[in-house]
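One structure follows; several queries about it will come next.
A, B, C and D are the chain letters, set down in written order, and residue numbers restart from 1 in every chain.
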Amino acid sequence: MKNRKNLVILGSLVIVIAVALIGVSLKQKNQTSIVVPAEKVRQMISNGNLYYDPEDLQKSLTKNGNEIDLIDLRSPDQFLDNAITGAINIPFQRILEDEYRSYFTDNKLKVIYTDQESKAAEVWTLLTQMGYQNVYVLKGGLDYWKAKIEHQDIFGNASLDNEKARFDFKKELEGE
Amino acid sequence: MKSRVILAIILVSLSAIAAILPQKKNSALQLNAEELLQEIKLGTYNIGPDQLTEIIVNKDPSYMLIDLRPASEYEKFSLPGAINIPFDSLFTENWIMYIDQDLRKNIFFTNGGTLSSTALVLSRQKGFKNNFVLAGGLNRWFETVLNAKPPANSVDTEALKIYQRRLAAQQYFKGGEALPKNDVQIDLKPIPVRKKKMVQGGCS
Amino acid sequence: MGPIIPVHGISEEWNLLIAFLIGLGFGFSLEQAGFSSSRKLAGMFYGYDITVLKVFFTAAITAMLGLIFLNYLGWIDMSIVYVNQYYIQSAIVGGVIMGVGFIAGGFCPGTSVCAAAIGKIDAMFFIGGSLIGILLFGETYSLWEELYNKNFLGSLKLSSVLNMKDGVLALIIVLMAMVMFWIGERAEKKFGREDIMKEV
Amino acid sequence: MNPYLAGVLLGLVLLASFYLTGRGLGASGAMKSVVVYGMDKVSEAHVESSHFYSKYVTGEENPLKSWLVLEVFGVLIGGFISGAISGRLTWKIERSPKITSGKRLIFAVLGGALFGFGSQLGRGCTSGAALSGMAVLSVAGFVTMMAIFGTAFALAYFFRKNWI
C-alpha cells in the first residue's frame, strides 16, 4: 500500500512539472520569431521587390479596388485628415496586435504607405522578415501621391525616386 | 521506495518529454518581431541633418560615416571621411566587421534615406548595435543645411539660432577654410573584428 | 535570454564573483557526495561503492535535461554555450593517461581540491603531483604539439554525429544510465565491503 | 547525503554555471594557471618563448585572475564548509591497511602527475571535459569520460592493494 501511495505522489509531481513546462511555453506566445533572414530581405530590396509604383496603384484602384489592400500606416488623426481614398488605417505601432496582424495573412496584394517612404520601408522590412511575402511600399510615399497623382502638380519638386540625388552635391559644395 | 526508482521515474519521464519536444534554436542577440517593432516605434537610431553637421564639424572620432550608395556615386561625392559599403554587399564577410562592432557609432546614409533605413532595421534585427541612420539622407541634409532658408517667423529666436548655425556650416563646407573637401578621409584602420561572442570553457 | 554574462556583456568582476559562487556550490556538492574520500572514489572500480557513477551521471543528466528545457523555453542561446572541442587522438591518449592517474592516485583534480579542503594529506600530495605533471607537459610541449593539435573536428555534438534530436539522445542516455545504476547497485550488494565503508 | 540527491545538486550547480556564464565547471585549468604563474615569476623569457605557456599569458594580466582559479578557490571553501557541517574535518592520510602511508603518498604524487599531464593533453579533466562535456552532449565529453573510466577499470586489478 505504501508503495502505491508513493507512486501517486511521484506521478503527480511529474505531471505538475510537465504542466508547468507547457504553461511557461504557452505564456511566451506573444513572441513572434523572425523567419526570413536579414540577408535574404536585403537581396529582395536589391532585386526591386520593395516598391509599388503609384501609377500602377492608381490604375488598379480605379479598375477594381478589390485587387489590392491599401494600408495607411500613420496615426488615426493623420489618416482622417488626409489619406488616399480606399485605404484602410493600421497605425504601424499596433501592427503586431492580433486584430491587425490577421489583415496580412491572406494572399492579397498589400501596399503600405506613410508620408515619406522610409518609415513604411522600415515596417515593410519587419513584415517581410516575419514571412509576409505579398507586401509592397508605395513608391514616393503619400507626399508624392498627393502632389503628382491627385493634384497633377507637374512642376512641383516631389520626386518619385527617393534615392535619386536631388542635387549635384559636388558642384554645390565646390561652387561653380 | 528506493531512491534509484524515484530518480528513474522522474528522469525518464522528463527525458521522454524532452525527446518529444521539437528542437529549437535560440538566438540571444537577434531581435524578434516585437522587439524590432519597438525599435522602429522609438526610431532612436535616426540622426537629423543638424546633428550630422555637428558631428562632421567637430570631427567627432567616435562616429564613422558609412555611404551605402553604389561605388560610382561614392567616387563622385561623399561626406568627409565616409567609407563606402554598397548596399548590395552590406552583409558580406568583407564588411560585416564594420557594422557589427563595439567601438564606434556608424551613421548609414544614402541619397534618400530609404535604403539606409532598411539597412538599419536589418542590421538591428541581426543584433548589431551602434548603428545609426541619417534621416532623409543626403537630399534632406543638403536641403536643410546647405540650402537653408531663413525661418518664416523671425521672432522665433530658437529657429533663428538654428538658421545661423546652418549658415555657419555653409561657410564651413563651401568655403573649405577649416575642412578640406572630400579628399580627406579618416585613417582607415580596420576595426578590430568582434567575433561572435563565444565563451571560453572546459579546462583550458 | 541566457547565458547571462556573455549576452548582457556583464563586467569581468561580476564574472569572477559568480565563478567563486559556482565554485562554492561545486565544492559543497562534491564534498556532500562523499568525493573527498579516495577510497570511496576508487570503490567504483572494485564495485564496493559506486557513488562516483551515481553522482557523476545524475549530475550530467540533470544539467543535460536542464539545458534542453531551458533551450526549449527560449531562455538560453545554445550557440553561445561552450561545447568542448574535439581532437580525437589527444582526447583518447589524454583520457587514458588520466585513467591511469585516477586509479593510481585515487582522485581527479576537482575532488582532490575538495578533499584537501577537509584536511586529506594524500589529496594535497595529489595536487602537488598535478602541478608537477602540468609543468612536465609544459616543458615537453614541443614533443606533443603535433598530437595535441591533430585531427581537429571542432565543437562536435554527439547528437549531430548520430543525426538525432538532443532530446532523443538524452532519453537514450538516461535509459542507459538507469541500467548502469541498477547493475551498480547489484554490484554494491555483491562486492560490498563493510570494513571500508565504515572508515571512509 | 544520498548520492543521487548529491548528483542532482551538482547537476543544478553545473546548469547554473551554463546559464549564467555559458561554460561548464573545471578544475585542472586552475592548476595550469598556477603553473603558468609560477613559471612567469621564475623566467618570463622562458614563458614567452614556449608555445604552451605563452597561450595563457596576455600582457600584464595576472594569469591567476581567471575564471577557473576563482572557481577552484570556491571549491576549496565550499568543500571546507561542507566538511565542517558534516564533521569530517581531520588531518588524515587515507589508505588501505595493506600499504604504508609513505607508499600511499608516493602513489598520490604519481597519480597526480599523470592526471595533470593527461588533463593538459586531453584538454580538460573529469569535471571540465567529461562532466561538462557530457552535459552539452559534446563528443569530446563522452570520449574523454570513456577513456578515463575505461582505463581505470582495466587497470583496477593491478592497483587493488592501494584501495581494498
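Side notes on the structure shown:
Heads up, the rule we're going with is that contacts are C-beta pairs under 8 Å (C-beta built on N, C-alpha and C of every residue); 3 or more make two chains touch, one makes a residue touch a chain.
Just so you know, these numbers come straight off a predicted model, no measurement behind them.
Between the contact lists of chain A and chain C, the overlap consists of B.
With centres defined as mean CA coordinates, chain B is found 21 Å away from chain A. Averaged C-alpha coordinates put the centre of chain C at 9 Å from the centre of chain D. For the pair chain A and chain D, the distance between C-alpha centroids works out to 55 Å. Work out the mean CA point of chain B and of chain D, and you get 45 Å between them. Shown for chain A are the residues that touch two or more other chains, namely 21, 31. Touching two or more other chains at once are residues 4, 8, 21-24, 26-28, 32, 67-68, 119, 123-125, 127-129, 132-133 of chain D. Residue positions 4, 7, 14, 17, 199-202 of chain B each touch two or more of the other chains.
Contacts between chains, counted with the stated touch criterion, involve the pairs A-B, A-C, B-C, B-D, C-D.
Contact residues of chain D toward chain C in the complex are 1, 3-4, 6-28, 31-32, 34-36, 39, 50-53, 65, 67-68, 70-83, 86, 88-96, 104-105, 107-156, 159-160, 162-164.
Listing the residues of chain B that touch chain C in their complex gives 4, 7-8, 11-12, 14-29, 196-202. Note for the complex: chain A touches chain C at residues 21, 24-25, 28, 31. Against chain D, the residues of chain B that register as touching in their complex are 3-4, 7, 199-204. Considering their complex, residues 69, 72-74 of chain C touch chain A.
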